[in-house]
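In the part that follows, the structures are each spelled out as structure tokens.
Shared between the two complexes below is chain A, which pairs with chain B and chain C, respectively.
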Partner chain A sequence: MSNADIALMAHLMRRAGFGASRDELEQRVARGYENVVEDLVNPGTPNAMPDDVIRRYHVDMAEMRELNSAGAYWIYRMVTTDNPLEEKMALFWHSLFATGYSKLNQARALMNQIDTFRRHSMGSFHTMLVELSRDPAMIIWLDNNDNHKDDINENYGRELLELFSMGIGNYTEDDVKECARAFTGWTLGNAEYMATRASRDSIWPYSRIAWHFQYRDHDHDDGEKTFLGHTGNFNGEDIINIIVQQEATARFVSTRLFQFFAADEVDAAGEAVIEQMMATYFASNYEIRSVLRTLFNSDYFKSEAARFARVKGPVELVVGAVRLAGTYQEPTFGADQLARYTLYMGQGIFQPPSVEGWHEGSEWIDSGALVERVNFVGKELGDPSNPGVKALIDRMSAGVERPLSAEEQVDACADLLGPMQLSSATRTSLSEFAGEQGEADLRAGTRTEADDQRIANLLRLLTATREYQLA
Partner chain B sequence: MTTAVAAGPVEYLKTIGLTTNQSGRGFTNPYDCAFAPDGRILILNRCDTVRASLVRIGMMNWEEDYLGEFSRGYGRGDGQWILPVAIALDDQGVVYVTDEQQHRVTALDTDGNFVRQWGEKGNAAGQMNGPAGLAMNAEGVLYVVEQGNNRVQRFTTSGESLGTWGETGDGPGQFNMPWGVGLDPAGNVYVADWRNDRIQKFTADGQFIAAYGASGDGDGQLSRPSGVCVDSDGYMYVSDWGNERVQILDPDGGFVQSLRGQATLSKWAQDFMSVNPDERNTREMSNLVPELPPHLDTPYLISSQTEPYFWGPVSVRLDSEDRLFVVESNRHRIQVYQRRKG
Partner chain C sequence: MTTTNNSRSLVVIQLAGANDPLNTVVPYTDGHYYDFRPNVGIPTDQVIPIDGRFAFNPNMAPIKALWDEGKVAVVNGIGYPNPNRSHFRSMDIWHTCEPEKVATEGWLGRVIRDLDPQGRNVITGVNFGRGLPRSMGAPGVPVASVGNLETYGLFPDVEEERIRGLCLDAFGKMYGGAIQDAVMDYLGQTGRDALKGADILRTAPENYSSTVEYADNPISQALKNAAQVMTADLGTRIYYTQHGSFDTHGDEVKVHGGLWNQVSGAVSDFMADLEEHGKADDAIVLIWTEFGRRIRDNGSGTDHGSGGTAFIIGNQVNGGFYGEYPSLAERDQLDGDLHFNNDFRSTYSTIADQWLGLDPAPIVNGQFEQWDFIRN
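Let's turn to the complex of A and B:
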């Protein structure tokens, strides 16, 4: 098993997952890169933390009334799932179809939306758009409950075209109106009562009532419509049939997936990969799984140039650190703080800044967010009593025959945290720190808590490096 | 035990309670209730993380008059609670509360004065791990169910351990994260063996008698039962938490009736609606028991959408008139039922 194979697998797992321990990387390398891609795009049983034990311990996650409790509930799943790409894709769709709590006052409806995103995460984009259009949180978020047969509201119709499928410049204002007409009557059950409660943030008399889709035939405009050159008595599904056939849609979806999984910026080589993804999109009948397979198996994605070319988003940073530290494996007091940390770093789950979602890439990093990022990850990985940290030090200590020098400590930590390629300046600074701490004697029989703490201190410092903050 | 009384159906009486985000009238994630001889109903409010400081016991009567509240507050100080689970009341007016986070039992009087507390995390006698259900028998013996130690521990009211029984497993007398506990008039002990999906019955000193229920959602089957109480004829009332329902079993464990919930507006809820016409008017035109799409097909999700149904039934208790109180944590209310005899 070569170091190059480990480094490539680590790259795939940072992008298609939330990172992986060295033990997991070795298991996956043994299985083969393309087989691992297939495992990721065809998720099995998640084996995530059981829902019943979460709801018994966390009364707030049972009621699902509070924003941060809902966010933490999802983070539990991201931390403990065996299907990291499934959760990563749910996060991708949440970023793309950004729906916010502030207007809904309904965390349960938002979690149900995430469940829908997960259920259809890698299936047909056509199905995804139909389900999105039927999603009650989206309906309230973009006012489709106010889109009536005799009084249309264009908000959802416009964003469906502009932000969710094709992008501006690929349709006319008339197309927007006709799209909105087709989605009249797509609302939620008890829409008037639910909208009143949402606008008043009412929890009375007996807490929130979750939402479900309802189609009101009597409020649907069944008249003739002309949309993107097609004419007929279109309903919403007919509109989506036309949307998914557009080249602009293929380009939009492929580009967004590329930017989320491959590189923040698209260069000429990246453009070629996007063209391949678009071809797969049509050949597979709009199947996201196939588009992802094309991306992950592309030479571009596997190249050295693609590595560490993305800034880790706050959620993936937090989840990655917790997974590596081995914490939060069971219901944990104060777990809702996890959601708050991602907010402090700029990505509050269910709190996108607008319907356009988050501005990603280098915009994740400002001085305040960076301090939060470094502090959180440092706390998780700087504690040698955390099971994942202990396992990492155990692995480092296997077979050592003499105390590790400062440089050896730095190299071992960088290897097991990545493997990470440190700049010479960073390596020198870390070595100086390690030197001041002294040797770490990890030999069986002489290894002490102080030795473990020295390694953990170094891990803590490594998480502050530029290299660790990139995926 | 024979069934001297024919199994009569249970009928709905009324709903009490109202969601509140502040102290005073209303419930905040109610978790258990108890009944004082003077007619006061005591409701333990566990509260969620955002409203943790409101942890308290509220008091009301059957007529739904609000009678005040008490606690020592949220925290680790004397008499304070973090994650309270269950309460029991002795004949001296002292209230005992389990706290699963602090692994202890706290005793206060109903004026909120600190009486005593005991316990710390561990598995030795007198120590506890995740104390959950709590019940007191006629002799003043407290039964504490420990979810973390998979055992039942008996205490005197002064906190002296009288012994334990149970271990981890799914055999007779073994437990998997047990939760609630109830006693019958003869002093037998019934434990909601939560993750084994069954009720176990023991003698007062822990000898195994029988187990009832199996995993599932059919009649007489259970999914994560949270609580159990037993009436004067030996009928068992089980809060079937995972199925979001209440199962009623005869003294031999035979299925009698299943309740899904049928809450109506409490007196306090009616007061709210009377001064909020926007919500009242749109509510009146709504169907609160809607047809749901197929992906929302679990009991939990159905209950989240269907306001009259039980949602998070965490405890069942019988008052001295055999009225059944079903405490719903997620709906901040109690639905009350009564068995018709004869």
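Let's turn to the complex of A and C:
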């Protein structure tokens, strides 16, 4: 098993998942890269922490009316699932179809939306858009409950085209109006009362409301519409049929997936991959699974150019650190803090800054967010009593025959944390730190808690580097 | 416009969860108040009368003392058109000054950018709390978010002082040096800003001494930290913190009173502390909340309403009532709520223009009539 294979698998698992321990990487390398891609895009049983266990220890996560409770519930799932890509895709859709608590006062409705995203995460984009249009949280978030037969509200119709499928410049203002007309009558049960509740109540003591989709035929405008050159008595699904056939839609979806999984910036080589993804999109009948397969198996994705070409988002940073540290594998006091930490770092789950979602890439980083990132990850991986950290140090200790030099400590830690690619300046600074800190003797019999702590200190510092901020 | 006075600072306290205006500035001689508040009213013999019509909550004696010195401006009936009664949406509107659409840039972020366009001082704005309040967020504007000044900075979990020092040294080196990569370069600058901000802020408590003893509660400790930074002359101009939760749907009289007891004591101690350090003429405090609460109580608390109360406190404030106290009469209500009669952006504009010497229009997204609660 070559180092190159491990490095490539680590790259795939950082992108299609939340990173992986060396043991997991070795198992996956043994299975073969393309087989692993198939495993990821065809998720089996997630084996995530069971709901009944979560609820037994966290009463607040039973109803999930509250933001942090719902956020922590989802993070538990991300931390414990065997299907990391499934959760990563749910996060992708949450970023793309960004729906916020601010207007709903109802985290349960948002968690239901995430369940929908997960269920259809890698299926047909057509199905996804239909389900999105029927989603109660989305209906309230973009006012489709106010979109009536004789009094259209364009909000959802516009964003469906601009932010969710095609992007600006690919349709006219008339198309927006016709699209909105087609979605009249797509509302939720008892919409008037529920909308009032959403705008007036906080989570307590009311809001125990189970929103569900309702189609009101009498409020639907079934007149003739002309949309993107097609004319007919279109309903919402007809509009989606037309949307998914557009080249602009193929480009939009492929580009967003590329930026989420491959690189923040699209260069010419990346553009060529996007073209391949678009071809797959049409050939597969708009199947996201196939589009992802094309991306992950592309030479570009596997190349050095794509490595560490993305800034880790806060949720993937937090989940990645927790998975590697082996913490929160069981119900843990203070788990709701995990959702708060992602908020401190600029990505509050269910709290996108607007319907446009989060500004990603370098914009994840500001001085306050960087302090939170460094301190959170450092705390998880700088504690040698955390099971994942202990396992990592155990692995490093296996077979050592003499105390490790400063450089050897740095290289071993960087290897097991990634492998990470360190600049020579970073490596020098880390080696100086390791030298000042003192020798780490990991030989069986002489290895002490102090040795483990020294390695953990070095792990902490490695996760504080610029390099670690990149995926 | 007045000239910018570089020593002037603004301290913002957000009462999170929506403070009940009726139990803060109590219309204690208005029969409607007691009619609508059979369970959550404050009896006439307990309030602290201001004049023949209004009184402070019994827990606001320290604020009343400042009021008597003419240092407290109370803006009644403050709000914005088409009030939204969702906490988050309404807070967003106050944070971003954008009631129509969802915006992302905070008004104080714009203030900080105008005060320090080159971003020379990485701690022109400091938030005392975790996570950046949306008021202070703006692209490229550095803001420090300080949970606790004593432990603020990188690697607070490293117990051994020597190791923490080594970590900080290494961090400085690892984030230094030019790298031919835009993202790595940006990360480097941000890391150096963070380290520098923490280094500067860490000096504040060391050089601070005071006879004022703050209470042991979060708002008092936050204002103590603010006083430590202010007296250290680090160039910080905008201070932010929040306290709550004022979302008193239940057990309001006790909970709301307790919170105001803490806020009043904290603000009073803070003003005394600034006075002791010769800083009291350089700072004003703005206290705001996202909306008011229903006029009629729900049995033990109050639900979300509109029309709130804001406070501006300081030596340089013209004390008194601003804005009309909304009528409680049924015919004057807005769906059972107090009717707002002045836009919160008037208050923001007054502060941005008259106190900080900035052009208020781009900061608050428009022209708004100003108050005269700043002494000139």
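We adopt the following convention: the second predicted complex is superposed on the first by the 465 of 471 C-alpha atoms of A that agree within 3 Å, B and C clash if a C-alpha of one lies under 4 Å from a C-alpha of the other, contacts with A are read in each partner's own complex, and residues count from 1 in each chain.
The criterion applied here is as follows: a residue touches a chain if its C-beta (ideal position, glycine included) is under 8 Å from a C-beta of that chain, and two chains touch if they have at least 3 such contacts.
Only a predicted model underlies this, so the values are computations on that prediction, with no experimental measurement involved.
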Is A:K379 touching anything from chain B or chain C once the two structures are fitted on A? First, second, both or neither. second
According to the stated criteria, A:G32 is in contact with first (chain B), second (chain C), both, or neither; which is it? neither
Does chain B (first) or chain C (second) touch A:G223, or do both, or does neither? neither
Between chain B (first) and chain C (second), which, if any, makes contact with A:Y101: first, second, both or neither? second
Once the structures are superposed on A, label A:I365 by its partner contacts, choosing first (chain B), second (chain C), both or neither. second
Return first, second, both or neither, reflecting whether A:G438 touches chain B, chain C, both chains, or no partner chain. neither
Quick one: classify A:R65 as touching chain B (first), chain C (second), both or neither. first
Between chain B and chain C, whom does A:P387 touch in the aligned arrangement: first, second, both, or neither? neither
What is the contact status of A:G232 with respect to chain B (first) and chain C (second): first, second, both, or neither? neither
Which residues of chain A are in contact with chain B in one complex and with chain C in the other? 200, 202, 204-205
Any idea which chain A residues touch chain B in the complex? 51-53, 55-60, 62-66, 68-69, 108, 112, 115-116, 119, 189-190, 192-193, 195-197, 200, 202-214, 333-334, 336
Listed in rising order, the residues of chain A that touch chain C in the complex are 100-103, 105, 198-202, 204-205, 264, 311, 340, 343-344, 346, 351, 353-355, 361-363, 365-372, 374-375, 378-379, 382, 423, 425-426, 429-430, 432-433, 436-437, 457, 460-461, 464-466, 469-470
If we count contacts the way the header does, which residues on chain B are in touch with chain A in the complex? 18-19, 21, 29, 31, 46-50, 83, 101, 177, 179, 194-195, 224, 226, 242, 263, 265-266, 268-269, 272-273, 276, 278-279, 282-283, 285-288, 290, 292-293, 295-296, 300-301, 304-305, 307, 311-312, 329-333
Note which residues of chain C are touching chain A in the complex, please. 84-89, 92, 102-104, 122, 127, 130-132, 134, 139, 142-145, 153-158, 163, 166-167, 169-171, 173-175, 177, 179, 182-184, 186-188, 190-191, 193-194, 197-198, 247, 249-250, 303-304
